[in-house]
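Here chain A shows up in two complexes: once beside chain B, once beside chain C.
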Partner chain A sequence: MEQEFTLTTELRGDCLIIATAGYVNNVGGESIAREFAGHFENGIKKVIVNLGQSKVVNSIGLSFLIDIVDQLNDAGGKLIFTNLDPAVDKMLTIMGLFQFAGKESSVDDALKEFFV
Partner chain B sequence: MKDPVTLKISLPKIPDIELVAIEGLERLAHNLGIANEKIGEAKVLVTEAIINALEHSGAAHPEVIVEFTMTRQELTILVSDYGKGFDPSSVKDPDLKAKMKSRNKRGWGLKIMKTMSDDFHLESTKEGTKVSIKKRLT
Partner chain C sequence: MRTESDIPGTTQRPMERLAGQIGTFQDRFEVLAKALSLKEMARLFAGMLSSHFQEIEITLFHNAIPGKGWQQLFGGAAGDPGEAFGSIDERRFAMRYLDGEQRRASVVQPLLDRSLLGMFLSPRKVAFRFAEEDKVSLQLFGQLFASAYQPLLHRRNEKELVFSLNHRVLQLNSLIDTGIEVSKLTHEGSLPQLALERAASLTNASRGVLIVSGKDQPAERYSFPASDALGVDNDSERRIQTSFQFFDTTYTFQLYDKESRSGFIVFDETDRLLLDALTRQVHASLENRYLLQEAIDKQKIERDIAVAASIQQRILPESLPALTGYDIFGTNIPTKSVGGDYYDCIPLADGRVALVVADVAGKGIPAALLVSSFHAYLNAYLENSLPLVKLAQRLNSVICKASTEDKFITAFLALLDPTTGRMESLSAGHNPVYLVKRDRTIQELNNGGVALGMLDMEFPFSTDEVVVEPGERLFLYTDGLTEAMNAEQELYDNIRSVKEFVSNKTSPSAKQFIQEMIADVREFVGTAPQADDITVLYLVRQ
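Let's look at the complex of A and B:
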């Protein structure tokens, strides 16, 4: 059975890294949004969301990420997804989210994208 | 070639109940020697079909019947509810730009199911809604 949703965060300079594990459903999506909001209020505009340990996500959970991407874009920031399971990658592609957010294979690659 | 295997389950509306179906799907796949990575998109289809049915059935006590029939080549997913039904033509494809500026960011399930599946049928009447999905596994 898919594990319970958990989330860890890390700040690297002015970049927030959110790593999830387990099922990203409405509760998981809301947790990500809440974590993001706390840092966004403090001026963080570079965000990496590592979904590598979330093999099952649903569209309700992902809908919370639309809001984050929108807020970042309006503020001149950016969100980069990393470590995507191919099926999750396809969901985000179908939703069109990569028009407004980035995608990298690893957190290190995303950090390079932000700091080059 | 192994015979098709079928799993039929009835799911009540309780949080994350779709994970029970996902586990069943994984066990069917394992039984047929299908690698987990081959069923990633099938797991998405099952999840979306179940949460859609449970959320929108409009039944007093929502319950969905889920039936998988799996061969090494193909998975058929049937999801039925006994809710009030809806008019599928009234559901417009979501547009991301519009969603980004809307309060309601949800409503992606049907689009994801239609796009990710190899065959998708939805039939809805006042007695309920049936979704039939085929997904190639090769």
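Let's look at the complex of A and C:
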């Protein structure tokens, strides 16, 4: 069963890596958005969101992710999702997120995508 | 653009200054209308205001829901927006001065979606004062923002509509996926938890609780997300729930606190439909799993029965021994794949043969097990050349010990000396055996006693002693023959009389006699199902 939401962040150069665990709902989405906003104000425009430990995302959590994608796209940046559970992958696909955001199987692959 | 000569106190007339601004509004509208977000639009708008009011500092706010807090969109610190924009009429443009010298002002512009744009204006230069035409300019700027806000609003609404439609597709898709997932047989105990997880996420519930309560056991609780707090809240405003019963177990699914970006909202009818649909899938899956297990168990029992039938078929004789001067044939037709009837003709060491027909009360596996015991003990005791009464008493004792109270065996046991035709027989609660004389009269052999296994005591069995003369016939059978029933619930023996058939019918061989008798029974029974095992043994002394 899915755990309570937790989040960790890491900066690699000018790339922000956010790794989540647990239910990405309103609380989870807000946490991600807050973490993102702090770095975005400092000019970070490359973001990786590792959802490997989040098997369940609801549409409120998703709306926060969409906001982040929008902000990054407006600023000429990019977000890449990684380590997606098949159910979450399907959800993001149906919701049309991959028209505006990237998807890689691992954080390393996403970093390569950013720094090639 | 406002020039130095446009500022209050210069010589240009107000109407001329305003007329100069009109031409640029269309260009400004086009710029603002292309903004992708409210913040971007505010930034652009602030730039336009700054170029017009060069002496003032601008801070912009947005109030999405009148009465609630203001969000700063652009500019530096501007004090308390609640104070700056307090007590305003939310339906029309409003400007008020925040000091007696008309140097600081707040402006509120209503927008299409009933939200409000707030402008806080403070002077950069000490000498600045707002003039009357500045109020008109600000009103025009407010209108400009409100007009440009509409395309942004339409795009946002369009985006929300697409999001909402995609979410509906997602809900349907998840419903189908969950149906497939829960119908998989690999989930075992996690199946209801999986449904709870899906229901919570599809309805945007903050959390869910599953309570599994059995008849005589404490309720088990699972929560989503997993946490130590498994409490159940009885506030029905914040909760939807549904439950179903599967045998003695009740599954209750509860979802709490529907989320939105602006706080908790009330669950709607779609949420209830989704929760019901998911729990129905779980219920159906549990039922299917139960039925599948039942079918597997049934198959296993059928396999066991087939094995038992195969063992029993080996107990029944494949063919009877050839007796010089006699023609003998027997058959057994069980109702189920294993039955409770038995017959045999067993040669003894002293040259005699034992003729046996037996019938266990009941059918199926228990009856077949008792027949196996009877067969084993009978053969063991026959090797010891026990007298017939002693043989019956021993059999009675062991069957009594080997069976339950409701299980017993009726049996006809006879020891025949083929050379002389002398035969001693004993009927342990069995149907009378017919000895058909040459003149076709019938002597019934029914001396004996109670069925074997009924009473654990040395019952004083009695016997018949006869001589089977040449041309005489002996007919042994079980009650499955006499009680064969047709569709009208009539018994074969009541309508056609076994005794008369045996008396009147003669055939070239014992085998043919029995085939003709079975054919007659089948013709009588017709399409009615066979009610009991049928066993017959027929011996003709030539």
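Note that in this section the second predicted complex is superposed on the first by the 115 of 116 C-alpha atoms of A that agree within 3 Å, B and C clash if a C-alpha of one lies under 4 Å from a C-alpha of the other, contacts with A are read in each partner's own complex, and residues count from 1 in each chain.
Throughout what follows, contacts are C-beta pairs under 8 Å (C-beta built on N, C-alpha and C of every residue); 3 or more make two chains touch, one makes a residue touch a chain.
The structure displayed is predicted, hence computed values, not measured ones.
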item	value
Partner chain(s) touched by A:V56 [first = chain B, second = chain C, both, neither]	both
Chain B versus chain C as contact partner of A:I94, first or second or both or neither	both
Chain B versus chain C as contact partner of A:V107, first or second or both or neither	neither
Partner chain(s) touched by A:I68 [first = chain B, second = chain C, both, neither]	neither
Which of chain B and chain C A:L79 touches, first, second, both or neither	neither
Contacts of A:N25 with chain B and chain C, given as first, second, both or neither	both
Intersection of the chain A residues that touch chain B with those that touch chain C	1-2, 23, 25, 27, 55-60, 63, 66, 70, 87, 90-91, 94-96
Of all residues in chain A, those that touch chain B in their complex	1-2, 23, 25, 27, 55-60, 62-64, 66-67, 69-70, 73, 85-88, 90-91, 94-97, 99-100
Complex contact set, residues of chain A against chain C	1-5, 22-23, 25-27, 55-60, 63, 66, 70-71, 74, 87, 90-91, 94-96
Interfacial residue positions of chain C with respect to chain A in the complex	36-37, 40, 162-163, 166-167, 169-170, 173-174, 177, 193, 197, 200-202, 204-206, 222-227, 259-261
Sites on chain B touched by chain A in the complex	15-16, 18-20, 22-23, 37, 40-41, 43-44, 47-48, 51, 94, 96, 99-101, 105-106, 108-109, 111-112, 115-116
